[in-house]
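Labels run A, B and C following the written order; every chain starts at residue 1.
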Amino acid sequence: MQWEVVIGLETHAQLQTQSKIFSGASTRFGAAPNTQACAVDLALPGVLPVLNRQAVEHAIRFGLAVNAKISPASIFARKNYFYPDLPKGYQISQMDIPVVIGGHLEILVGDEVKVVELTRAHMEEDAGKSVHEEGFIGPHGEPSSGIDLNRAGTPLLEIVTEPVMRSAAEAVAYAKALHGLVVWLGVCDGNMQEGSFRCDANVSVRPKGQAEFGTRCEIKNLNSFRFLEEAIQYEVRRQIELIEDGGTVVQETRLYDPDRGETRSMRSKEDANDYRYFPDPDLLPVVIDDAWITDVRSKMPALPAQLREQWQGEYGLSAYDAQLLTQDRDTAKVFEELLAIVGKPLAKAAANLIAGEFASSVNRAGIATAEAPLNADHLAPLLMRVADGTISNKIAKDIFAILWEEAIAGKAISSVDQVIDAKGLKQISDSGAIEAIIDQVLAANQKSVEEFRSGKEKAFNALVGQIMKASQGKANPGQVNELLRKKLS
Amino acid sequence: MSWHNTPIALMAKALAKKEVSSAELTQYFLERIEAGKQWNAYLDVNAHLSLEQANKADQLISSGKSGKLTGIPVAHKDVFVTRGWKTTAASKILTGYQSPFDATVVANLGIPNENNPHGAGMVCLGKTNMDEFAMGSSNENSAFGPVLNPWNAAHVAGGSSGGSAAAVAAGLAPIATGTDTGGSIRQPAAFCGLTGIKPSYGRVSRYGMIAYASSLDQAGPMGKTAEDCALLLTAMSSHDPRDSTSLADSGEDYGRYLNQNWKEGNANPAKPLEGLRIGLPKEFFAEGLASDVAKSVTEAAKLLENLGATLIEVSLPKTKLSIPVYYVLAPAEASSNLSRFDGVRYGHRADEYRDLNDMYAKSRTEGFGAEVKRRIMIGTYVLCHGYYDAYYLQAQKIRRIIAADFQAAFNQCDVILGPVAPDVAWRLGEKSKDPVQMYLEDIYTLSTNLAGLPAMSVPCGFNVNNLPIGMQLIGNYFAEARLLQIAHQYQQASDWHLRPASEVA
Amino acid sequence: MKLDDVQRIAHLSRLELNQAEAEAVLPQLQAIFSLVEEMQAVDTSGLEPLAHPILFLRDLAQPMRVDRVTESDHRAENMQSAPAQHDGYFLVPRVIE
């Protein structure tokens, strides 16, 4: 049986504001419990909500960036359920008329560019936190949880995709692209450890070719890309195994346990809870007029999609490289800075460096791009020395690795020229010298010469390899190729 | 000096002339409160706090920083949160609750300080009894016992602002604040012989007013005269940035038309209401209305006619339907508004429970009274998936028809006149067995809350048993000053409002 | 409306009714709902619901505040009525997820 996986993601992005969505308490992370929970956040008798303009502006900004429709008058609705981290016994959210409708996001899955359609994005308030510690004992000696409402009322944007993803890899690619975008826009700080960006995955399977969707399960609160991938993969396996064993998937909410590597059903929240949504009578329609939208549009930074289009057009970059360079604002910034120094003719080389060695070094080190120890000033000479023939591309990669190691270790960073001189890495471009090496290699590799002459093209590459080795990688590859061909013809 | 029979307008003059101090006035009423416990009008009194406020008021008066209301005592319905005094909304579920902030209404009327520079300088006498969470029409739903009617202790005072009504009628406060979601200012005012006004929705801040039905609740004054109500309403009313449904401050003086003629340029002092068209909805005078109430209200209409007004018959066809509409919408909003009472952060928590959900259920079941539980359940049901369209949405649509019907009526008249309730105050226990029977008593008042219009209750007579009867005046949006004008002119030509309650010394 | 509706709604509202109480409240709720049924006779097709009375006359918009921290730490005062607290946390019976 061939199975198809269907995934939709709901992402909660905390909007970057000083104060809460409905009160003037601070949203700063890490404060002592309940010191940033004012009367409104605590749902004391008599309090009422008042909307934070910046939260709406962030929502508009996001909507414009994904080419969505901005609702001219959206409505806040109450989602009613009981939970200790939800002080009012309802969450103020948006139901029938959300602030952002539709939209789409371009993502890179492996080498392919795909488009993920969004259903909607709406504003809502975050709940508080419950903490489980041994020291929490209730008034009758019962083991208890501590409720901290500092987070209650933090503005969230809930972004919902259509169920268009077909693999865990796609889901992760989307989550990363969305993460990059919201940070790029400045609407969310993207700090997943602090809970600023959380994904819920709706996962179902169906036999390939079947039109109807299978029953889906929701996996909640995945706060790392790795867990997102693992959880989806586990859940897909679980559902397929269940069905193949003759069972049926039950629609439910599940949590991912990273220690066990499995999802399990949440027993405490009620399944099929009737949330009894109705428009919040304490809040009026949120009116967003064209003037406001125009104003937000004018203040937007150049968007990743725009930059990609521009760079592919002007500099001939591949779609793949363009995606890599625009995955976050800092990467794009480094590229732009490098480009500014080395100039347009070296645009492709700059793209290759940043999207290649630079990006993978950043990833390996597990740091954010903004924390990278090498900047455009360090890197520009590398490209220029390749361009002027002083070193080869391969040597440039080696030099990059040397500089990175120095920088990461906190040592003084050498200049490119210093490394070239110290290690004698200058490219050999003198044809006489190269010919001499070629002659040496040909003499020692008669077998390969005969094989080449008898039609094996692979033997040519083997000879090139030997020549590069004999020259410690310093022979100019282009000249080697040219001169070797001449000698063998 | 019988201060409890003195309108606050005159009290203000006496304070200004130093004939009496705020401390003396406050002490006067505190003593009457102490001697008047049988009405069960108050839930919390704190003489020390009151006198502290009175002293501050006296300082303001002597330093020349006083206004029209400085130093005058006021009682607050226990639905308003107050620092210092307890707040219970007459419910066990708020046992022990101390609010860290004052309701905006309380601050607007209270002693000014650095947080609240615009307070009117009144002295809080205490918190008055009410139907639990403002749900009721007789003040028999209080967790702390019913309020008795100072005109006849065997009868209800009306609800939900029964405590405020009884306090003023029994001379335990010169004026009081109430709230009105379906008639809860107007009806107890009528039952206790008082004047009361519910302003247009949005005129008075709801911040700090424990929510029952958010789109219907409004606060207003309950006192002895229209003039007193105008004074209090002007000070209560404000734009509050903490309340998103609070309207822009009109800055108006609601008493500005009191002593004017309805028509500018009217030269006839005997006909001050010349030009006023009064609409009498035929549905307000149909079957179900007690004959003694009908008689008094009709006579009141005639008196207004004698003062120059024209009477016209109008129609409010959805009058009866306003009852189911209200009893879908108000419980729906209430069921959600009351979810915060869960024993977690304040209020009553059960002593014994197995787990979290059990704690919720026991705390709420122990803490809420029967009527509150009934309305929560109704509200939960009508919001449930599958019922929402047929009940909640349908009710909101009929609500629009009701609002439109009023506009059609106001095309023909300036103000609508009718009874406040079908009956005078009934006997304690008479209607409390059957909730629906009680709901039907709200027939004439509910539609004004649904439409958000301003409306008043004005004393206009007594029945054979000397129980008060009130007439209702309903105005178009923002016409409070005009309603008060009409009521004031009526009160210049009648004295129903001046009679002291029968059983009060 | 039936008895199991009553129990279901009671649970949704976190209220507890024993059998006798549920049986007692059922006819009361049924009476209220037969009153409410009268609404069905009204033809409301094409009408928009009126959620806010102040929107009847004009289109008012939700006011918005400038994004600024205006509340400071008042934890002790805000938590003074808490039934159970420890180290600045509200305590509730432990929830196992």
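Definition applied: contacts are C-beta pairs under 8 Å (C-beta built on N, C-alpha and C of every residue); 3 or more make two chains touch, one makes a residue touch a chain.
Please read all numbers here as calculations on a predicted model, not as lab measurements.
Chemist: So which one's got more C-beta contacts, B-C or A-B?
Modeler: Between B-C and A-B, the larger count of C-beta pairs in contact belongs to B-C.
Chemist: Going by C-alpha centres, which chain would you call the most central?
Modeler: Minimum centroid-to-centroid distance belongs to C.
Chemist: Can you give the whole-Å distance between the Cα centres of subunit A and subunit C?
Modeler: 39
Chemist: If you average the CA atoms of subunit B and of subunit C, how far apart do the two points sit, in angstrom?
Modeler: Whole-Å distance between the two chain centres: 23.
Chemist: Using CA atom averages as chain centres, what separation in Å is found between subunit A and subunit B?
Modeler: Once rounded, the distance between the two centres reads 57 Å.
Chemist: In subunit B, what residues contact two or more other chains?
Modeler: 97, 100, 215, 241, 244-245, 335, 339, 342, 344-346, 349, 356-357, 360, 380, 384
Chemist: Taking each residue of subunit C in turn, which ones touch at least two of the other chains?
Modeler: Residues 12, 14, 51-52, 54, 62-63, 65, 74, 78-79, 83-84, 90, 92-95.
Chemist: Can you list the subunit A residues in contact with two or more other chains?
Modeler: 39, 42, 44, 50-51, 82, 84, 139, 147, 274, 276, 281, 283-284 - these are the residues of subunit A that touch more than one other chain.
Chemist: Which bits of subunit C are touching subunit B when the two form their complex?
Modeler: 1, 5-6, 9-17, 25, 28-29, 31-33, 35-40, 42, 44, 47-54, 56-57, 62-63, 65, 74, 77-84, 90, 92-95
Chemist: Sort out for me which residues of subunit B touch subunit A in the complex.
Modeler: Against subunit A, the touching part of subunit B is residues 80-81, 87, 89, 94, 97, 99-101, 103, 206-211, 213-215, 241-245, 332-333, 335-336, 338-340, 342, 344-346, 349, 351-352, 356-357, 360, 380, 383-385, 388, 392.
Chemist: Considering the complex alone, what residue numbers of subunit C touch subunit A?
Modeler: Within the complex, subunit C contacts subunit A at residues 12, 14, 51-52, 54-55, 59-71, 73-75, 78-79, 83-84, 86-97.
Chemist: In the complex, go through subunit B and note every residue touching subunit C.
Modeler: So the residues of subunit B touching subunit C come out as 96-98, 100, 201-202, 215-216, 241, 244-245, 247, 318, 320-321, 323-325, 327-328, 335, 339, 342-349, 353, 355-362, 364-365, 368, 373-374, 376-378, 380-382, 384, 390-391, 393-401, 403, 434-436, 439, 450-452, 477.
Chemist: Which of the residues in subunit A end up touching subunit B in this complex?
Modeler: My answer: residues 39, 42-51, 78, 80, 82, 84, 87-90, 139-140, 147, 274, 276-278, 281-284.
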